[in-house]
Structure formats: structure tokens, C-alpha cells
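These are the structures, in C-alpha cells.
The two complexes that follow have chain A in common; it is paired with chain B in the first and with chain C in the second.
== the complex of A and B ==
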């Protein structure tokens, strides 16, 4: 009983001496923990085995083709690029808006009523199902004023489907993560750091830009990486706002913009469309793509761990 | 925080450069404007989705939420309604979809909550340090797996498994006149949904359990109470707000899950009958979110699109209610408990 760390565990306590009900509870806890490991292990191993079995290097470098014959339906180069594009667009928008909103909420936050309203708006976004965001996005981008941002039919009908549309709505699912992580990071910066900066004659804006944001960089990076993982894994928005085309289909003539305005696919929609639920019904390709997708998501989580190492581990990834 | 900043005589040159267009006032206004824009966007979302959904609600009245007829046939009629706006077909009785959403969510949250609570207790108190170091990334991993991968495993592994082993001839015949059993069922949907929402709950409850003041549990232990009792009677009670928060958050997640459920729930607008005994769990259904995904192609047909937006409006309203409700429940509980999430 010398160290306080062992104080909660009296000496010579044996589980076998506990009342039956307590032993049952204790056993259930072990069972739950074990089950958790088994489920995670099974999922990862299964996708690993199936993925490696069907993954060929050429799948990564060939474009998907529409074909009933699986040997001719190509690979998933376009979906891979699509995932990177969507993730980049989404995370850039979410980063800019999310960090700004978080800074405003923690550093200014007035009028207080408005700040509270914005805070709850972020909460509402966090709770809104991505499928609802998706069809809301369709509502926005189908308005004819925004026709220049998406796939447009000959007669002037606006489909509202493009990488820009999908990426913009994707930024909303990353936004709460970025706002949460940034606020957390800003609020852990001690107050005297700000006061020291003011004492040196910096304005509040300069303090934010030169002192607070650099100090909060790891937190912001964590939020962005989490957001990227969320975006890369979302399917509903892609299925609705990007359409079911396999290949990246540019729209218009202006070089980089036409791709963004066009439609295409991402790894998630590729998996969905090639599973028995979609039209493709090519489980081998779906497994291979799912494997790559899982690798990307795990890598992003690894980045979060690297960035957050040594810091007090929060629960920012919830939301 | 001081609101007035004294302008010093000497300013660092960089700061002076940044002070020009980026004056305090302007930065604050710009940031506030962004916040207001976000607020407007969310308000716009609520307004637009409800506005778009209104004709469907208005034409059906409260019966929209009721039962009656086959919802899939009704959706088909709406999709095929005549081009003349006066003849638009709107008749819809969405009960099977609402019911499908409610049972999958409720089962998943109830099972998930028990599972998550036990796992959280295990991680915080009972697991040896080495096991704990494995479990934490495992929880993170389970939370990070994209829903389409869960759906893929469901549709390619679990659905055929259930179809082969649990759906027997006699079960199939017993319900053959209403619905076909294929293996895509609420059983598979609930199992996968539980796995998907458990990690969030574990994370919230674990975090709260860690925040329970050590002196409370030590006090219990000093009185000779064993470790399980200490956790169950002191820590778990103290983290009740976090448990509520976890359930609410998981509920919102489960309600909105679309892709996975559209892949494994059978995609039949059918209300499973609990009186069928175990067969109940093998019957297919189709929750609201999955219905939206399955029917996204028809959004351009006006009355059909409005019906789909009505589904979205119901989902949106439920998720807003969940966040508000969770906040209201959590507030009085926060006073009695520690470590509110």
C-alpha cells in the first residue's frame, strides 16, 4: 500500500473470492474485450487475404472499362485519383472554414449568442447523416446559377454532379472534426502566451496568425487527418453527387477545371458498384479496391497517431 | 482577455506589415462573417430540405407516418406519376421504412451500449496493460473502417452465411406469402451496425471513466469493496451523462447509416413481424437512409424527388432532435456525475 497507484487494488484480492454476480460481470468484460479484438482481427485479415489475392499491380494503373468480362473491365486508377481529388477538395475547404470558425469561437466569440448559434450549427452538421448532406448538395448544385460547377446536359439541364459538388459537401463531414480539434488545441494554449504576445505589441490578429496557429498546428493536423479519413471512407455523398461513371469524365475545355467539373468515381463508389449491391458484380475487384481503401484509411489514422504522440490523447476522432 | 491593445511606439516590422490590411477589427469581422455563413448554410439546409419535402407531407397528412399497402408499390406509382403537375401521385404510407429504421437502430444501440460499457470497463480497469495497448488502436481501427467495407463483408460473407445456415426450408415457407428470405435481414444489418457504432460509444465511455476522480474509487476500495463493485457502483454511476451522450451519438450514427444498410438489409420495403419468432430476425427491411440511396436515380422525377426529400427531412429532424435531446438530458445529469462528455 505504499504507492498511490496501487491503492485502488487492495492486496491479496482474488477474483475467485468475489460473489458470483461480480465474477460474471468480470468475465463478461474479458469476453467483450476479446470479442472486440476478434472482430477487428477478422475484418482486417479477411480484407487483407482477399485483397492480396486479387490485387494485381496493373489494377492500380489501368482505367475501369464497362465490360461484362471481368478480365476486360480494367482496374481502378480513376477511382484512386478520384478519392485523392475529393479528399483534397474536401479537406482544403474544411481546413479553411473549420480553422477560421474555431479561431473565431475561441478567440473572439462575441456576440455570445451568435457564437453559441454557430457552435450548435457545427453540432448539427456533425449529427446530420451524410446521405442528407448529399441530397442537400444536389439541391444546391442543381440550381441553374451554379451550373458552371457541375455536369450540364445539352439542353441546359444541370445535373449537379461533379467533383466540386461532392468535395464541397464532403468538407461538411470533415468540418466538425477540424473545428473540434482546433478548438481543443487553441484552448490548451496557456493564456500567458497570448498576453506575452500582446505585451510585445502584436495585435490580436497577428497573435493568432503568428503565435496561436503555429502552436496549434499539431492539433489542426490531427483534425485534418481525421477529416481526410472520414472523407475517403464516405460513400453516400459520392454515390449521389458524383454519379456512377467509372472513368473520370471531364466537362468543358478549361484544363484543370474541366476535370473538377466532370464526374467520375472514388474507391468507395467503386467498391459499392462492384459489389453485388451495385451493377458491376465483380467481388474480386471490390475486394482489391476495398483493400487499398482500408490501407489509405489506416495510414491516415497512423498519421494521426504520429502527430498526436506524446500529447494528451483526446477523443477528437469521435463525432 | 484584454479588449484594448496599447499601440507601442516601436513595432516589429513584420507585425506592422501584417497590421495593415489585417487589422483586428477586419479579421474579427471576416471570421464572424464566415461563422454566420456557416450558420446560414445550416439554416438553409433545414429550410430547403423541408420546403422540398412539404408536398409529400401535405398530400398525405399524418397518414404519411402510418401503415397501409406496400410502400414499394406506392413509390413505384409516385415514380410513374403523370407529367401533368395536377395528376402527380403522392400517396405514401412510410411506416415500413420508419419501422425498419427504428428496429435496426434500437437493436444496434441497445446491444452496442452493453457491449461498449463492458469493453470500456475492461479497457479502463481490468485489462492488463499489454492488452490495453492493443485494444486502444483496435477501437480506433473499427471506427475508421469505411461503411462500404462493412457492407461488402456483410453482403459477401454474412448474408450468404445466414442464407445458407439459418434460413431453413420451413422458415422460408412460413413467410413465403409475404416476403422472401434470402439472408439479407435485420439480423445481419443489426450485427454489422452494432460493430460500426460500438467504437464511438467505447471511446466516450472510456474517456469519462478515466475522468472519475481517483479518490472516489479508492474510497470504495478502502472500504473493502472489490474492483468490479467499485467500477459498477461508483464509476459507472458517475459516468451516466457520458453513457447517455454515447447512446445519443451512436443513435444518430445508426440512423444515418445508408450504404451499409442498403447493401445488407435486403432492400425490401417490408415491416418485419415480431410475432414470427426467430424468423423475425431473418426478414428483410429497408431503413429510410438506405431507401434514399437506392432511389437516388429517381430524384429528377418531381413528385418522387419530393418524396425522397421527405425521407431526408425525417432523418434530419430526428438527428437534430437527438442532439438537442442529448444535450437536455446531459445537462441535469452533469451535476451529479463526473467526466461528462
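== the complex of A and C ==
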């Protein structure tokens, strides 16, 4: 590696001089990166072309109707609202629980055995497929004690499907992302910043509330936005726990609780139902809805990027 | 490396030379001129009343002794400098005074520390830390506005009361005492972390003195700062020391000479020598002190 003493600068390394195996590996890395770009580009381009071709403003503002005739089966207003509702419910629950768990893990974390257990639990939840979460959710929300959270039939059978049920299970999808991002943000705050607050006579709780959480805000926001993207994109839980029933169908008459107790659908289930694989078989509308869904998720990822960049360029302590 | 080997000799900066030396020999101002390298400590001042007393303090981390049997007084109206090589227990001693050392799970402590006749262990730790304030090595303003940094120190725990309007006057006073007011008065809503390092450290001092402490602990407050900010902070420390007791840990012997009234030299957890700055620097009684302060004379 050291050049002869006479050379003014070290000779430039050239790929052509590498051993064959290294050159092959290098080429494969290039190819893999390029392929990924092509795939991502193809998805966006294909859905863009197809979606824009069929997207009409009225689709966004009309409710889906049950009809074999595509000109009468309406738009996807309800699924769009459903996506926003499910995402909001899920991210609020995941935010509260996730931030609390992360704070406990980084700031207390004792006894150590319990902390390890919590850590593993978060990983188990992160690794559980959403269809399994959905089935598990059905088990919980069909229990008669929770009948008030969904539709209860006259014989006392609990339906177990509602915005509350689906939103709650959706929160488990976002939870590990929120916990991870919050933990990382908290652990990058230097120890002496915490000590400075204790040295002012502040308690641990006041320090967490007034110093640590505000400092971790960009990290928390990143976790929440990532979680929202995951929730908006999930189908299994919607099909099993929300009914995927086209229109939002309230249960009971106490607004807005009746909507939360009721069933509905999201863009993902709408795409599924209208794809050639589903019952509706209206691919044009599926493409239009898929396009809108893609826009929402890309926008969320964009927000993540913005927040993360703001964090890097923003406040930093002298080390 | 021998922990006792003195730090490399440094030229003393011009700013702290007496005016006569700095400007006096106009005929030969060239560098390397025969300037007597004689150390200059502050002229002795009358001691203030004793504020704190450390009596037989021993602190160990997981059984390893960091501070062993230290006894020393902390007097109001003076600057007490703790000097010594890295890892000698200076910072542990300092952190014992406001019981911050308790945050380290492995730490155990024995011996008495008294603040105005009451044992610090019997005081509520929140109260104690408002009376014995501390400034750290790295400037560490909180990620909030300049105003809120000082207001946070004045408020009850996590509460937002008293409200900002009621705190305007005390916040201003603290910033004025820390010599920062003129630089930030036009925009107190600015994020504190946008200030320069020296300004951040003065904000941390403002935050520490806002609740009106009796003792101010400083843990190498200038080590992350440039010489100019250091000079400003040192002047500030001297001003503050007129009204409260200041304890400063420093690696910088010149700094200790410039600002200290009393000096404690620590080595391997032991308080080797304690006395007026003039004596410790010019006529140390212990050989270890002599070796260590020799670095101050270049």
C-alpha cells in the first residue's frame, strides 16, 4: 500500500487490475443496484401511467356502490377516508405506547431482566406477519366482553370487526418502528445533558418531559411517519378486522363512536377487491386507487426524509 | 505515561499579563524577550464565611476508591480550584458536593458533607441542587429557546408555571449576571443551541445561578472553548465569586493561577495539598505538588 518514496502521489487503483473474483463481485454489486433502480422506477412509472389514465376527480369524491356495471359502482371516497382513519387510530396508539416503552427502556430499563423481555417482545411484534396479528385481533375483539367495540348480533354473537379493532391491531405494526426511532433519538442525547437537568434539581420525570422528549422529537416524528406508511399499506388486517366492505357502515347512533364501532374499507382492500383477483374486477379503479395509495406512502417517506435531514442540519451539542 | 509528568509548558497569553509587562518594554517587544516567567497568583483576599465543609469524604466506584478521605472547606466569596492529573478524583469530589455522584449506580460514599450546618444527605436533593449549582465541561443548553433555558431552572419540576411573563425579570437578571444579556436581549426566543460555544457556556452559567445558589461548581468549564471565550468566562467567574462560593475543577494550571484564591491539589484520590493559591504554586510543601505545578512555570 505504501508507494515508493520517489512517487509524488500513490498510483490510482484501477478495477481492471483487480483479481477476477473481485471484478465479478464488483460487477454483481453494480448490477444489483441498477436492477433495484429499474424495479422501483417500473413500479412508479407503471402505476403512474395506469393510475393517471383512469383517475378522475369524481372517483375521490363519490362513494363506492355495489354494482356489476363499472360506470355505476362509484368511486373510493370511503376507502380513502378509511385509510386516513385507520392510520390515525393506529399511529396515535402506537405513538403513546411506543414512546413510553422507548423512554422506559432507555431512561429506566431496570430490572435488567424485564428490559430484556420488553426488548424481545418488541422484536416478536415486529416479526409477526400482519395476517397473524389480524387473526389474533379477531380472537380478542370477538370476546363478548369487548362487544361494545364492534357490532353485536341479536343472539349475542360479537362481530369483532370495527375501526377500533383494526386500528388497535394496526398500531402493533407501527409500534416497533416508533420504539426503535425513539430509542435511537434518546440514546444520542449526551449524558451530560441529562445531568445538567438533574443538577438544576429536576427530577427524572421533569427531565424526560421537558428536555429529553423535546430533543428526541425529530426521531419520534420519523418513527411515526414510517409507521403511518406501514399502516396505510397493510391489507390483511383490513380484510379480516375491518370488513373491507366498501362503504363505511356505522353501528349504533352515538356519533362519532358509531363510526369507530362500524366497519369500512381502505384503499388497500379496495385495490384488492377491484383487482381481477377480487370480487369487483374493475382493474381501472384498482389502478387509480393504487396510484393514490402510492402517492400517500411516497409523501410519508418524503416527510421522513425532510425530518431526518432537519435533524442532521439542526441542533447538536458540542462533544 | 507517568501520570505525574507535567503538561507541556505553555506561553501565557498576553491578556493576562500585567499591563506593565504587556506594554512596558516598548523598545523590545519581540517575542522571546526576557520576560520573567514568574507565576502570578491573585493577591490574597480576606476569606469569606465557610459555606460547605467536606469531612473525611471517600467515594468508590464498584469498590475502587476514587476519592479517599478528603477534608476541605468551601468558602463564600472565593474561588477554590481543584487541580491534579486526569483521573485523580477532582470531578468525583465536585460531583459529591451536589450529590450528582449518586447518579452512578456503582458509586458509594462515606464521610460528611455539610452545607451551612446541615448534612447534604438530610437535605432534599432538589433543594440541595438549587443551592449548589453546577456547570459542566461541555456547554449543554437544552434544546429550547434562550429564555426557556433559564426559565426551566426557575420553574417547579415539569410545570410551565410561573408563566413566562412573570419570569421575564429574573431571567433578565440571570442573563445580566452571566454577562450574556447584551448579546441576546434582542431575541430571547432564539434556539439556545444556535449560540456560539462561549455564549452557550455563559447561558449554562446563567441557568445555574438563576435560582440564586450559594455555591457554584464548575467542572472544567473552559476546556471546550477558545481562548477568547475562556478569558470572558474567567472574568465572569471572578465577578460571581464576590457573592458566592465557587469551586472549579481545571486541568489548566495557568487558569488556576489566574482565578483561584485557594487551591487543592489531588493525586490518586487523595487531597495532597490544600492552601492559598500563592503558597501552593510558589511554595508547595509536598514534592508531588511541586512536580505537578512545575508545569505551570514552563
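Keep this in mind: the second predicted complex is superposed on the first by the 299 of 319 C-alpha atoms of A that agree within 3 Å, B and C clash if a C-alpha of one lies under 4 Å from a C-alpha of the other, contacts with A are read in each partner's own complex, and residues count from 1 in each chain.
Quick note on the criterion: a residue touches a chain if its C-beta (ideal position, glycine included) is under 8 Å from a C-beta of that chain, and two chains touch if they have at least 3 such contacts.
No experiment lies behind these values; they were computed from the predicted model shown.
Between chain B (first) and chain C (second), which does A:271 come into contact with in this model arrangement: first, second, both, or neither?
The answer is first: A:271 touches chain B but not chain C.
More chain A residues touched by chain B or by chain C?
B
Would you check which partner chain A:32 touches, where first means chain B only, second means chain C only, and both and neither mean what they say?
first
Taking the superposition on A as described, I'd like to know which of chain B and chain C A:190 touches: first, second, both or neither.
A:190: touches chain C, not chain B.
Mind working out whether A:206 is in touch with chain B, chain C, both or neither, as first, second, both or neither?
Both partners, chain B and chain C.
Which of the two partners, first being chain B and second being chain C, lies in contact with A:214: first, second, both, or neither?
The answer is second: A:214 touches chain C but not chain B.
For A:124 in the superposed arrangement: first (chain B), second (chain C), both or neither?
first
Intersection of chain A residues contacting chain B with those contacting chain C?
Residues common to the chain A contacts of chain C and of chain B are 195, 198, 200-203, 205-206, 209-210, 315, 317-319, listed in rising order.
How about chain B: which of its residues touch chain A in the complex?
So the residues of chain B in touch with chain A come to 1-2, 5-8, 10-12, 14-15, 18-19, 22-24, 26-28, 30-32, 34-36, 38-39, 41-43, 45, 48-49, 52, 115, 118-119, 121-123, 125-127, 131, 134-135, 137-153, 155-157, 195, 198, 200, 202-204, 207, 214, 217-218, 221-222, 224, 226-230, 232, 249, 252, 255-259, 262-263, 289, 292-293, 296, 299, 308-309, 312, 315-316, 319-320, 322-323, 341.
Mind pulling up the chain A residues that touch chain B in the complex?
Spelled out, the residues of chain A in touch with chain B are 4, 7-10, 13, 18, 22-23, 25-26, 28-33, 35-37, 39-40, 43-44, 46-47, 97, 100-101, 103-105, 108, 114-115, 117-118, 120-133, 135-136, 138-140, 175, 191, 194-195, 198, 200-206, 208-210, 229, 232-236, 239-240, 268, 271-272, 275-277, 283, 286-287, 290, 293-294, 297-298, 300-301, 305, 315, 317-319.
For chain C, which residues are in contact with chain A within the complex?
98, 100, 103, 125-130, 133-134, 136-140, 142-144, 152-153, 157-158, 191, 193-194, 197, 200, 204, 207-208, 211, 224
Spell out the residues on chain A that touch chain C in their complex, using ranges where they run on.
Within the complex, chain A contacts chain C at residues 190, 192-193, 195-203, 205-206, 209-211, 214-215, 315-319.
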